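Just so it is clear, A, B and C label the chains in written order, and each chain counts residues from 1 on its own.
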Amino acid sequence: MAKRIEISGLHAYYGAVHAIEDISMTVEPRSVTAFIGPSGCGKSTFLRTLNRMHEVIPGARVEGKVMLDDEDLYGSDVDPVAVRRVVGMVFQRPNPFPTMSIYDNVAAGLKLNGVRRKSQLDEIVERSLKGANLWNEVKDRLSRPGAGLSGGQQQRLCIARAIAVQPQVLLMDEPCSALDPISTLAIEDLIAELKSQYTIVIVTHNMQQAARVSDRTAFFNIAGTGKPGKLIEIDDTSKIFTNPSEKATEDYITGRFG
Amino acid sequence: MTSEIDVGQRTDTAGNGRAGGRRMSTGRLGDQIFAHSARGSGVVLLAIMAAIAVFLIWRAVPALRANEANFLTEQEWNPNATPPVFGIAQLAFGTLMSSFLALLMATPVAIGIALFISFYAPRRLASGLGYLVDLLAAVPSIVYGLWGLHYFGTKMDDVGRFLNDYFSWIPLFGGDSVGGRSLLTASVILAIMILPIISSITREVFLQVPTANVEAALALGATRWETIRMAVLPFGRSGMISAAMLGLGRALGETIAVAMVLSTASGISIHILKDGGNTIAANIANSFAEAGETGRGALIASGLVLFVITLIVNMGARAIVARRKEFV
Amino acid sequence: MSVKGAELELKSLPRVSARRRMADRTVQSLVYAAFVIAIIPLVSVLWMVVTRGMERLDLDFLTFSMNGLSSSDEGGGANHAIVGTLQQVGLTAVMAVPLGILTGVYLVEYGGNSRLARVITFFVDVMTGIPSIVAGLFILAFWLLALGFEYSGFAGALALAILMMPTVVRATEEMLKLVPNDLREASYALGVPRWRTICFVVLPTALTGIVTGVMLAVARVMGETAPLLLLVFITDAINSNPFEGPQGSLPTFIWYQAGDPNPQAIERAWAAALTLILIIMLLNLGARLLARLRKPVSR
């Protein structure tokens, strides 16, 4: 199911502001790619261009190519709705639908895609919640509101919701930044399990986390405030953290700035 | 969301401030005078509300005593006759009928407008377009009445005939003496008048929908409409209900436009295309000039009924809003 | 899932089903239609008022009254009505604005979370929903029938004040809430007493916003007709004393002229409607401009 993503010459703008400049990289399937870099370097913006969520913001636009295997996500006849169906996303803050039960939250995406049979829904909801390591905690209260769960549980619910529609890529925008250490650990374990099936891209502020969960790491930086963010380098995580090619990466990793 | 945080902070600081103010204000005449007059005007406001009820009841009772008919069930309105005979049945029917029809027409359109301005219109135009809709509320009801009487009513004459010709098998559209000065015309005008209030409150509710939920729906691969259905409408449901109720309250009490458009005829009839019909408020405006002592009392009694109905509707709407704030 | 799965294997991007796309398009057109539906009556009303009103709106109309004229006569004007409306609305503002602002100040600066403040807030909301005719009946019962006063512009203004007050309270409340707390604290820290802080720091900061709210509230009550029919009655002559005897007003002028079968009267009604709308739109426009001026300051 997992697909390779190839990005070439990608620019993103907020109105007149040039947010990220000329990014090209390849994201490998069935692996975890981490985006690191100082605040405001455009890593989250870049992530949101991969499922066309960037353009949801008024005035925002994107130039360049994002190939999912052999299809350009920004092709003229491509519907962003279809893109988001295959490129799932987990947000910084858990955002379950407040008016829906746990079950309905997970089933939300399935219902959109025409899955109506109760037995099929039940099966996929269970599978997704198990996949998100949440099943045992919630199986007795599936009809309770999703908003009643703890922060870490809510985030796993959001992951279950995202994987229920069996996307090919899973984007995670600092998924642990609002969580306590134990919940963070649970999510990191989950990421390690999910990578056997999905192409995962995770934005993180936490370098230890990047080192723990990712196979490849991309480092982003900005030249100064108001300047667009740039990709400095992307390489195997072990190499980035031990022997990066760029001086800027090394400075950042060793804590000399950022 | 933001507004609530705002309120939270406000009450908090005001609370602190109050305690601080007391300490500071000991012996300070200026503070005392100011604080008391501020509280006093709030109390005046409450007193006015109470006085409205008291005075209306006080003036209504003698007329009701003199009434020979049952006030609630009688359809005739003849308080100047000897003995006086009047009842509110027809008026209440006309009021409720026209208001509910107006609500039925206005609510979907108003929600559509709110959706249009909040989610569909180009960002740059949105606030200007919102202002345009608010202008509908700036037009005074007397002007709607004039327009209804001398222009729109004549157009509705044709509409009424058309509906009567082809749809008279629907009881509402049946009957004869179809004309432009009908309950339907009044309802359409009422609908126009309550559109802006319903849509502006609905827009406020939509503004409070958390972006995170909208994004969650979009990221699941929902179309714009599916996003609205998943993340916006369920969140705004109670807000929309109370917006509609506030609109209903406005329609129930609207006087002049209805009084100008309707040609009064007596008797309850569900044929809304017929010339005629009457409402509580319109009846007060139309028959006040000829009312004698008992007549005025009778009109005041009918106004009391209107007051109670609108009070219940408005309080209900506010209670829904308040309860919603606690939950979300 | 199996059917969908098979489809997925062929191409990376699934097609959004025709049914879903149709639903999306349909709703989109309905939503656009809703907006158009709302604009049609607005354009129609304004168009009719402007075109029909222009036929009679001239200097004569603004400077003459209807004194001594019968409704079938040509000419005549609404001067008495304009004078009446301005006086009545002026009196209304004089009563409602201070009470409204003070109540707003109480709710934000003093009331806190007290029971009284909550009750007042609730009733301010409820009061916005009082039908104007009910306010009129109340003043009728209280001022005219119980206290024995006669018809006057002031009696009308009393009823209008009831309708205007809650709007002013709301506007004041909203604006005071926008004043940053640092400003209050800075003032207290200097040892400035509370009432002086409110009068000389808080209120001036919120002033343009409150004025905007007041202008909108004035525009709102200016078109009210029902209470005036009960309380001010009607006269064709100029009565420049709002405290004694019947007075004209633009809304009641329209009411009587529009109900008259003579075309000359109906022309006058349209002209008066145009006059009324012009005043109201000026107030609205002024309020909007003022609100725009304020924005950069509050940021």
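As a convention for this text, contacts are C-beta pairs under 8 Å (C-beta built on N, C-alpha and C of every residue); 3 or more make two chains touch, one makes a residue touch a chain.
For each chain, UniProt lists the protein as follows: A = Phosphate ABC transporter ATP-binding protein, PhoT family; B = Phosphate transport system permease protein; C = Phosphate transport system permease protein PstA.
Just so it is clear, the structure is predicted and the values come from calculations on it, not from any experiment.
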> What is the shape of the graph in which nodes denote protein chains and edges denote touching chain pairs (line, ring, star, complete, other)?
Replying inline: complete
> Which chains, taken as a pair, are joined by the highest number of C-beta contacts?
Replying inline: B-C
> Once you find the CA centre of chain B and the CA centre of chain C, what distance in Å lies between them?
Replying inline: 15
>> Centroid of chain A to centroid of chain B, CA atoms only: how many Å?
In response: 47
>> Give the residues of chain B touching no fewer than two other chains, as numbers and ranges.
In response: 223, 226
> Multi-chain contacts in chain C: which residues touch at least two other chains?
Replying inline: 16, 20
>> Counting only residues that touch at least two other chains, what does the list for chain A look like?
In response: 81-83, 85-86, 112-113
> Which residues of chain A touch chain B in the complex?
Replying inline: 51, 53, 56, 58-59, 81-86, 88-89, 91, 93, 95-100, 108-109, 112-113, 158, 161-162, 165
>> Show me the residue ranges of chain C that touch chain B in the complex, using the header's touch definition.
In response: 16, 20-21, 23-24, 27-28, 30-35, 37-39, 41-42, 44-46, 48-49, 98-100, 102-103, 105-113, 116-117, 119-120, 122-135, 137-138, 140-142, 145-146, 162, 165-166, 169, 177, 181, 184, 188, 193-196, 198-199, 219-220, 222-226, 229-230, 251, 254-255, 258-259, 266, 269-270, 273, 276-277, 280-281, 284, 288
> So in the complex, which bits of chain C are touching chain A?
Replying inline: 1, 4-5, 8, 11-17, 20
> In the complex of these two chains, what residues of chain B are touching chain A?
Replying inline: 123, 210, 212-213, 215-223, 226, 230-231, 234-235, 237, 328
> Which part of chain B faces chain C closely enough to touch in the complex?
Replying inline: 6-7, 9-11, 13-15, 17-18, 20-21, 24-25, 28, 30-31, 33-35, 37-46, 48-49, 51-52, 55-56, 58-59, 108-113, 115-117, 120-121, 129, 131-133, 135-136, 138-147, 149-152, 192, 195, 199, 223-226, 228, 246, 249-250, 252-256, 260, 281, 284-285, 288-289, 296, 299-300, 303, 306-307, 310-311, 313-315, 318, 322
